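Chain lettering (A, B, C and D) follows the sequence in which the chains are written, and residue indices restart at 1 in each chain.
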Amino acid sequence: MLSYSIKRLLMLIPVLIGMTLIVFGIIHAIPGNPAQTILGTKATPEAIHNLNQALGLDQPWYIQYFTYLKNIFSGNLGTSIQDNMPIAREIWPHLAATIELSFVAMVIAVVVGINAGIISAWKQNSALDYSAMILALIGVSMPIFWLGLLEQWLFSVKLNWLPSIGRLDIVSTVRPITNLYLIDTLIEGQFSQFWMVVRHLILPAIALATIPTAIIARMTRSSMLEVLKSDYIRTTKAKGERMGLIVYKYALKNAFIPILTVIGLQTGLMLGGAILTETIFGWPGIGLYVYNAIQYRDYPVIQSGILVIAFLFVMVNFVTDLLYGLIDPRIKYR
Amino acid sequence: MPQSEQNTAVQPAEEEKGPFVRNLLEFWKSFRKNKPAIVGAVIVLFFILMAAFAGFIAPQGINDQNINIRLQPPSASHWLGTDDFGRDILSRIIYGSRLSLRVGFFAVIGSIIVGTLLGVAAGYFGKFIDTVISRFFDILLAFPSILLSIAIVAVLGPSLNNALVAIAIVNVPVFGRLVRARVLTVKEEEYIMAARSIGMGNTRIIFNHILPNSFAPIIVQGTLNIATAILDAAGLGFLGMGAQPPQPEWGTMLSSSRQYITNAPWTVLFPGLAIILVVVGFNLMGDGLRDALDPRMKN
Amino acid sequence: MADSILEVKDLRTSFFTDDGEVPAVDGITFSVKEGEILGLVGESGCGKSVTSLSIMGLLPSPPGKIVGGQILYKGEDISHAKESRMRKLRGNDIAMIFQEPMTSLNPVFTIGEQLTEAIRLHKKMPKKDLEARAVDLLKMVGLPRARELLKEYPHELSGGMRQRVMIAIAMSCDPKVLIADEPTTALDVTIQAQILDLMAKLNRETHTAIILITHDLGVVAQVCKRVVVMYAGKVVEQGDVRDIFNHPEHPYTEGLIRSIPDLFSKKDTLYTIKGSVPKPGSIKKGCLFAPRCPYVMDKCRTAEPELTGDRHKSRCFLHREDA
Amino acid sequence: MSEPLLKVEGLKKYFPIKGGLLGKVSETVRAVDGVSFSVNEGETLGIVGESGCGKSTTGRMAMRLIEPTAGKVFFEGKDILNLSKSEMRRTRKDIQMIFQDPFASLNPRQTVGRIIEEPMIVHHMGNSSERRKRVDELLELVGLSAYYAKRYPHQFSGGQRQRIGIARALAVRPKLIIADEPVSALDVSVQSQVLNLLQDLQKRFNLTYIFIAHDLSVVRHISNRVAVMYLGKIVEISDSERLYDHPEHPYTKALLSAVPIPDPDNKTNRIILKGDVPSPAHPPAGCPFHDRCPVAMDICAKEVPVLKKTEDGRLVSCHLYD
């Protein structure tokens, strides 16, 4: 198991290097003079020269790349052009907001998706199965920004049940400890604040959870159907085990391997896909951070934001790989 | 199912048709039984016809503005209402189908061509070539897809065509890996061993045996990817990184209408429904094709 | 018969597909006596596996369905028994082992978990006795290192060992009937010899009746007392193993026996049965074997013979006075 | 005696298993470990053994579908392992193969006619109409009708597909046919049809066969000489009459006694071997069979026996006959 983990970790190295190359390349792929593009047509030649120097663009590219790598390893993610702040310091609250939102959305997606998929497979071709699968089909086909807009319109504007913007009510503040407000409010023991945080999470989390829920449900169903047809489940049936137990206790463990892949993949995609949800719900996460940076052509922020998200994505997939080993005893031998 | 010597005799009438036609007939037979797939195909056909004949069907032009009738609810003269410039939403949706289908088809065709070439090379030749190409796929796949397309658009500048290019690039590894895996599986099949045993060379094996047997999964994945490409294009449009107003791209329409959602929800509702419908169509058709083409489902 | 533990009477099982009803088992009758080994032979597609799944109530349904006849276990008709009743019988009274030992064990649970499952379901046994019982079972099927094996996973075992584990699982609740569906087909010949030897030993020691389903006439001749020969969903011949092999009455049985190459002497050409097995339901009239039969008479193409005879029964006009 | 058609010397195939952190070779599977035999024109050599004994790998190496790790393969006197790619491709015309799985060895997307025609195209034989005519002949030859040429493999039964595979192998008029378990996927009644066909074709075209199978009765029926393999080595090789009637190697004895005889009155005492075949990655030291051998001696665990001629002229690798 340990050697497997280390091997997988070593295999990540070329991927991570490739990733930094691509992110590094973003600024160099901009047609024309990047500094000019960033500052706009009215910029003075002096300002352009200064920015070029600040970004190190006057150096040969490989020197720039090694400087870039060195900076990343020393925890320096560059400086934002917009507000001249170090990105490494600025990025954490945004990242925390995204992680909180994605985590809640993933919990919803896993609980709803897996159960819907299991029941669909168990009661294959029943009305329940059909309705679940039609819903799942619509779920994977839904533009989540559209769903978010409709949610806001229905639950905030028409019914006025839930807030539609931000992580907090405008007037309140939460003392950031971890920047994960669900945890921060509980540490402080402020339960009304906690409730407020939860209410703000509901709509964006549902919007963000829609696609993963649908994908997990579909994957669970097909994986489960496959397992239920297998010889070893027939063996279990031949022992006289009841169907409910067969499905939840035995078959689920087998069926879970492809489901886990999907969960890992979707968790990563969520971190990236949150950009749409975050712009709609004014959620100050990393997606919104990058989105705003794009509007301002703040390339260092774009680069670092993308790098951080991609790094998280790769790490999530790495952890997923390790989790296989816990479920599937055969994996140790590969 | 056991088959007997006598009972497999095909009717002479069917026998006269070429093998290709009979293959097609057989495919159609199993596809026809799949009702959801038919529904999907009908939806897709509907949108294709709509795009082709937009000029004839649309009651008004794309940009026929009339400030006097801005933000009107659906009515007999404007079935789906009007937007903030008084443009007919139905007409814009009809014209918009051209943009969405264009992005969907061409992005996917681009990814298929590049992905297949790389995938075949990696799978068939293996070793060093495989390592390089596979690492390249790994790196591209290390970015969440929407984020990578945003990054590409951020570099190329926002426009529908750049969004198309971005989506195509992002999907290259999807097809590349699919084809590579398919080639690896097919390569191990006994009929490839048989082809080698009769003295056949590499090129001929790839073109006569491996590619035809990789065709079905590419078609299936391609159909499903048109669906996601349309969704991604709409998402980019919504973020202002795809089609630019006044182009009637559905995501872009949503983005420019979102401020009117309270007073004129139809301006948001209908473009969204159009996206869902066409995406559902491609998804259903893709699932249906998988069932009809997947050799594992066939006896 | 009083000493029959399991009786199958005119069982008919069909698959309902898009092309209509396909009769896989078409009115078969046989019985299993307490403690005997009964062979059920036939080529692929003859319905022998469908028969076993029908008895166990494990037909994939849809599309499979029992459409007629009875399955009597100790006199009780279980052909349409409730699922809850079948669950009590399965694994406890009637157990089954399958052809593919490589896929019949769940890869993500240990041998111990899978071995004790049926016992936990059917017998009340304190936890501490459970492990001892599991060890005994593994020893009974001749597996070494029993205690360590309990903690191992199926992929760590060879095919022959897995099939022994399957047998241990099947025997774990002392069933009255063990259905073995091609238990040695996937195994090498020396391992097959081990497994057949083991099954014969268990049969002697525990008096569990065994229905051995196989396509291999050699296996049948070596271990079975009585034989049922199936062709295209019907029983064509049944009787004592010696009668069947020494005086086959049905031309199909005769053909099967004669087409096996001989290990002890070399013949110039092998006997063959022309053609191949018909698709279920494709022959509407007459004897199902008529198109392939070397002794076919006009009558065979129009009327279907009954299964007649006393201890040695066959379904053929040849041995009938009225033919 | 004339030159044998095919002669194999010291053939070995080791498959490395990579493992550990840096993908080092952690183990070597000795799939075939020094196999030598020869086949004369017009005869059938049977190779029997249980799964994993290396018989299929041997067959594939004999026609260089798998590159051997070591050894020599002489076909009509020339070493085919030294041939260039294009020379090898030309030689393939003379050596053809029939595969085990009639479902997997035919490309599902090609018509039967195309499948049979393909070898002729590869070897530039005849023009299109001549080839078409030959396809029809071949189909008739293997007992199918010519009008089947337009169909696809999945429209045929297992036995029919195996006939198609045979027709494909015959298309280029080969001298040697290597048949790898050609009947093991078939039902008994169909199996005998295919065996008769193979024998019939051998007589008509003076074909030479290497017949690889696990079924001992089938091998006896079709072979003039038989080689028994165990863990990548040949343990006994002789003409089939003698081998079957008086097996000498303890493994051959056990193997033969394990075959269930379709005769209820013949219940000879079986030799039940203990345990399983060891993994070819960790073969036992000394004689590979010694840990299961009922008559093993001390020397068997230490020294690897070599294939030696015994008194009656057959080759056995066992210390009992030293």
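In the analysis below, a contact is a pair of C-beta atoms (placed from the backbone, for glycine too) under 8 Å apart; a residue touches a chain by one contact, two chains touch by 3 or more.
This structure is a prediction, so every number in the text was calculated from the model and none was measured.
Set against one another, B-D and C-D show the most C-beta pairs in contact at C-D. Put simply, the chain nearest the middle, going by average C-alpha positions, is B. Separating the CA-averaged centres of chain B and chain D is a span of 48 Å.
With centres taken as mean Cα positions, chain D sits 55 Å from chain A. Inter-chain centre distance (chain C to chain D, centres taken as mean C-alpha positions): 32 Å.
Chain B has its Cα centroid 24 Å from the Cα centroid of chain A.
The residues of chain C that reach two or more other chains are 44, 276-277, listed in rising order. Residue positions 157, 160 of chain D are each in touch with at least two other chains. Touching of two or more other chains is recorded for no residue of chain A. Within the complex formed with chain B, the residues of chain D that make contact are 60, 63, 65, 88-93, 96-97, 99-101, 104-111, 118-119, 122-123, 147, 150-152, 154-157, 160, 165, 168, 172. Of all residues in chain A, only 14-16, 18-19, 21-23, 26, 29-31, 137-138, 140-143, 145-146, 149-150, 152-153, 157, 268-269, 271-273, 275-276, 279-280, 290-291, 294, 302, 306, 309-310, 313-314 touch chain B in the complex they form. The residues of chain B lying in touch with chain D in their complex are 2-5, 8, 10, 15, 19, 23, 189-191, 193-201, 204, 208-209, 212-213, 295, 298-299. Interface of chain C with chain D (complex): residues 43-44, 158, 160-161, 188-194, 196-197, 215-223, 241-242, 245-246, 255-257, 259-264, 266-267, 269-274, 276-277. Against chain A, in their complex, chain B makes its touches with residues 135-136, 138-139, 142-147, 150-151, 154-157, 227, 231, 234-235, 238-239, 241, 251, 254, 258, 261-262, 265, 268-269, 271-272, 275-276, 279-280, 283-284.
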